[in-house]
Amino acid sequence: MIIDTLTSPIILFFVLGMLAGFARSDLSIPEAVAKGLAIYLMAAIGLKGGVSVAENGFTPDLGTAAAVGIALSFLLPLPAFYLLRGFGRLDQVNAGAVAAHYGSVSLVTYITAIELLKGSGLVAPGFMAAVLALMETPAIITGLALARRGRAQQATEPGSGLLHEVFLNGSVVLLIGSFLIGLVAGKENFAPISPVFEAGYRGVLCLFLLDMGLLASRRLAGTRALTLRLGSLAVLLPLVNGSIGVALGTAFGLEVATAATLGILAASASYIAVPAAMRLALPEADPGIYLSMSLGITFPFNVIIGIPLFASLATLLG
Amino acid sequence: MQTVQRKRIEIMADAPLVPAIVAALRRAEIGGHSVLPVLSGGGRSGSWSEERLTGAETKQLVWAIASEEHSAQFVDAVAPLLSSHRLLLTISDVAVVRGERF
Amino acid sequence: MIIDTLTSPIILFFVLGMLAGFARSDLSIPEAVAKGLAIYLMAAIGLKGGVSVAENGFTPDLGTAAAVGIALSFLLPLPAFYLLRGFGRLDQVNAGAVAAHYGSVSLVTYITAIELLKGSGLVAPGFMAAVLALMETPAIITGLALARRGRAQQATEPGSGLLHEVFLNGSVVLLIGSFLIGLVAGKENFAPISPVFEAGYRGVLCLFLLDMGLLASRRLAGTRALTLRLGSLAVLLPLVNGSIGVALGTAFGLEVATAATLGILAASASYIAVPAAMRLALPEADPGIYLSMSLGITFPFNVIIGIPLFASLATLLG
Amino acid sequence: MQTVQRKRIEIMADAPLVPAIVAALRRAEIGGHSVLPVLSGGGRSGSWSEERLTGAETKQLVWAIASEEHSAQFVDAVAPLLSSHRLLLTISDVAVVRGERF
Amino acid sequence: MIIDTLTSPIILFFVLGMLAGFARSDLSIPEAVAKGLAIYLMAAIGLKGGVSVAENGFTPDLGTAAAVGIALSFLLPLPAFYLLRGFGRLDQVNAGAVAAHYGSVSLVTYITAIELLKGSGLVAPGFMAAVLALMETPAIITGLALARRGRAQQATEPGSGLLHEVFLNGSVVLLIGSFLIGLVAGKENFAPISPVFEAGYRGVLCLFLLDMGLLASRRLAGTRALTLRLGSLAVLLPLVNGSIGVALGTAFGLEVATAATLGILAASASYIAVPAAMRLALPEADPGIYLSMSLGITFPFNVIIGIPLFASLATLLG
Amino acid sequence: MQTVQRKRIEIMADAPLVPAIVAALRRAEIGGHSVLPVLSGGGRSGSWSEERLTGAETKQLVWAIASEEHSAQFVDAVAPLLSSHRLLLTISDVAVVRGERF
């Protein structure tokens, strides 16, 4: 499947972005357009997920995957935190901030995985879009608790802003909202809008991944904060988390494609929702560390190696 | 030319922190403010310009005209945040035309 | 038809935007993207209108609808102005400014109406796109005359800028321009570009209405200027104007779908072209009032209730 | 370091009014200006930040360097508009390097 | 073919943009959206070029066209420079800067040409997208050498930045990159993304040319630097360069469509990559001159007259 | 209110030249800078606002807080470029709160 991966235009555009970024080309996609593409992708996966649940009904798998996903998001920051403090030599605040990123999930990794899995015959059920949304925030709570453990809660402003940021952040609202819209509308009402949300999907993903490649390589090139130990952890953590995710999913009786997707979600690290929350709640943590790790290393690792790896693991165990 | 002397407060801050700064301005009874975009920058912790999708490192410039008294009040309130939140806060003199209301 | 409306993804995205805005979620569509979507939608309805006229030729209905539309735009500000001054307790300048908004039309209401009507078998003729463009500006002239009546014309700069703004504003130029392009190109030349302007249309409209929902609810939540009386007028005025529009359309012998569309145009209130003109010509009028009324109340009212209502009224009278 | 003393004029205005302000600058013989975007803001009439599609409440910052004489001329010309048009007009001192031509 | 041209929506949108710009309408497409559209168009022509080479293999024509194209880009600035100094009365620096623009190529002229030629049965081979990319930069080198001849190289900063700008500028990287992606992916892997990059292409081009029309006319209206002599050269240079391009292409045995496209590339003048390089390397040259000539006059001339003209010339000679 | 006196340097420059200016700031040991977007403008060579796709005439505003000494150093280094590159370089006084590190 790795070879399949490497002739997929989606991945090739990502690689092009990485190379252009490393070569310091001035190629760039305007911020507003990138945000627009992200909104489109979120609406599309939400809608398609909702429509597919409207077709197939609520299966027990849905409940299982959601429960396992939420548990993973809550718990994965714990081992990560100890690895980051011990092997990674981070202080408490930075270790908590990074751990939150690795417990949470990456939307783009998910979207890419769905496409690549489809290419090799593993069709993840649509409801995983809702599981994705549910896994975004629990890790933030665990990460903050770890970062602040044993310290008096500071009485600075952002407090209330944070809860808000966490539970009503744009991507969660849009994912869950479009999921519900897909559920209410059903296949018939989805038909007239499917030229945009279905047919256009993969092409838009190419352009979006071009931009992600540029972001990832520039982030890596511009960093001053990354040590060799942290770089290694940015590969080790997805391996550990992803394996746990696949194993748990299989153990709870999920289908191969579902378990593979759950593993990929567990392996992925957030670089949109969690950084914004951390900047607000832990401004003393260094964004250079958590962004370089999650966006600069873990994201490309997952896209190119992690996805086929966890797909194989799920097939093996399933 | 009828002018009054006021202070111009400019705060360079991470975008996610701007609402908190605006709230602090309000508490210091500074009645108005504007927020300007910043494209890119560099400092001791490296340079940024392309993290904008994640938004975590994007800066914005909060720009407010206030009386000397109110601006001192604001600075006292916000000073503790300056280093933990990496804010750059500058104050300069400015003449505001017909500016009694600011 | 109201139930149809409520399972349409277009409306559901609008409702999602309203809810997200009221919950103060940080979900937002970048300004540049929203403007890009608006330009796309205007070009698409202009083109399709022109192509349909190229197909069907100039019918007498076209002339009738245009004439009635222009007359409505000129005259509807008059009763609105007196209601706003009397019941609404606004001063002369603000009443004139608001009246101009209600005489003019809302592009997005029109687009949404076309889609929803189509869903219930009422196909509005393509030339209504040109009628829409013609109805944008006359109300501005009446509104300004009302606002300035009895006062010496002030000699400040913007004067000449205004005429320009009114007659060459981007949306009028783009609507009329694409209408003419559609007319010249005809169905055959339109075919190669129809995947973008025809197939993509409804999906793009979903994303655009998501943004409009966000704008409308934030405008309403952020206002300080809205009284209960003005809020009631923001529902009463579209009811009155829309009924007049449907009745006149039917009286002049227009088809049911045409009369319904004319009513919806009359009921709709501008929130793009007219506010910009008012800011220039009547800077002392409070944008908090006219934007809250037209964008915050009348627009959602029309999208959810007004469109099916005037469609039923037209069917009844027709 | 060869500098001249000039005034920096900054006017916060509604976007639709900016062309009129630029015209006033030209009439006061101020030969150059720049316009900076503003993202959001708040004042006595509430806060704005999302009305940008309508554009009616978006602000822009007009920024011009001018001699003291020309700037006084400009202020006198534009003063009547200040309150009716809700403009915020500030003036401050600035040294312009090799700035004879401004 | 000129009549075909004038009923094509692509050209009609360009004309609409020109008219709106001259009438000083406030119609405008946000910068970020225009850049996004440009990126889309570059990725699309690169991809389609690569896929077509993957289908048809590397033909000798490819090598010939590339070699002739590079030679043209290197050499065309020379006659242009002498015309600009002599007849155009420009100083050395400005003449060198303008000459670089006319040796280099315009992406949008190329894209428009491909579409219009296709309409009249001349299908340019996909590899011309790579030739386009190869022709972008050599002219910059010649133009700079001409501008600086006989003068000591100045020791200011931008030097190293320039090489970078020239060889890794975004459009070259994206064009060559997507060409290679198309080559690797081949027709089969291109199929899932073709709804975006193939079907959407012409519609997007309409919106992009609307913007180009606005830019061209505003550039022309806002200029203070253009003399009648320079205006005439902005028509003469594309005529000369385009004829040389068609003649050379035909002489080297290229097919009619290939020779026509080569001529159009030779006739076109850059207004994106070269101006940015000139601003860096020759900041004392006046952008008012080179942008008004290339964007304000030569671009519209080529789109409306040059393309059908060189197509006819190639058919005649071929 | 604990402040230090610093200089605010503002340079209006063509976007393609901004990296060179930032490099010059670094050479003058000015440790931080920010870049603000500019929407449009006008000067002796006409007005610009829509050339943004080509980027060749777009301006940006480089904004840096520095000590008097470093800013003088910077100005001396960059002065030769001012006219050939059409830069507008202004310097003004500003109080930086808790600003020892700038």
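The letters A, B, C, D, E and F name the chains in turn, as written, and every chain counts its residues from 1.
What we mean here is this: a residue touches a chain if its C-beta (ideal position, glycine included) is under 8 Å from a C-beta of that chain, and two chains touch if they have at least 3 such contacts.
Everything quoted here is computed from the prediction, not taken from an experiment.
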| item | value |
| --- | --- |
| Any chain in contact with chain C as well as chain D | none |
| Interface residue overlap between copies chain B and chain F, same or different (over half shared) | different |
| Chain A-chain E separation of Cα centroids, rounded to whole Å | 40 |
| Cα-centroid distance, chain C relative to chain F, in whole angstrom | 45 |
| Two or more partner chains touched - positions in chain A | 28, 30-33, 35-36, 165, 195, 200 |
| Numbers and ranges of chain F residues touching at least 2 other chains | 36-37, 49, 92-93 |
| Each pair of chains that touches, named by its two labels | A-B, A-C, A-E, B-D, B-F, C-D, C-E, D-F, E-F |
| Sites on chain E touched by chain A in the complex | 30-33, 35-36, 39-40, 43, 47, 164-165, 168-170, 173-174, 177-178, 180-181, 184-186, 189-190, 192-197, 199-200 |
| Residue ranges of chain C touching chain A (in the complex, touch as defined) | 7-10, 12-13, 16, 19-20, 23-33, 36, 195, 199-200, 202-204, 206-207, 210 |
| Residues on chain D engaged by chain F in the complex (per definition of touch) | 1-3, 6, 8, 22, 31-37, 60, 65, 92-99, 101-102 |
| Sites on chain D touched by chain B in the complex | 12, 36-44, 49, 59, 61, 72, 75-76, 79, 82-83, 88-93 |
| Contact footprint of chain A on chain B as seen in their complex | 14, 16-17, 19-20, 23-24, 45-48, 50-57, 80-81, 84-86 |
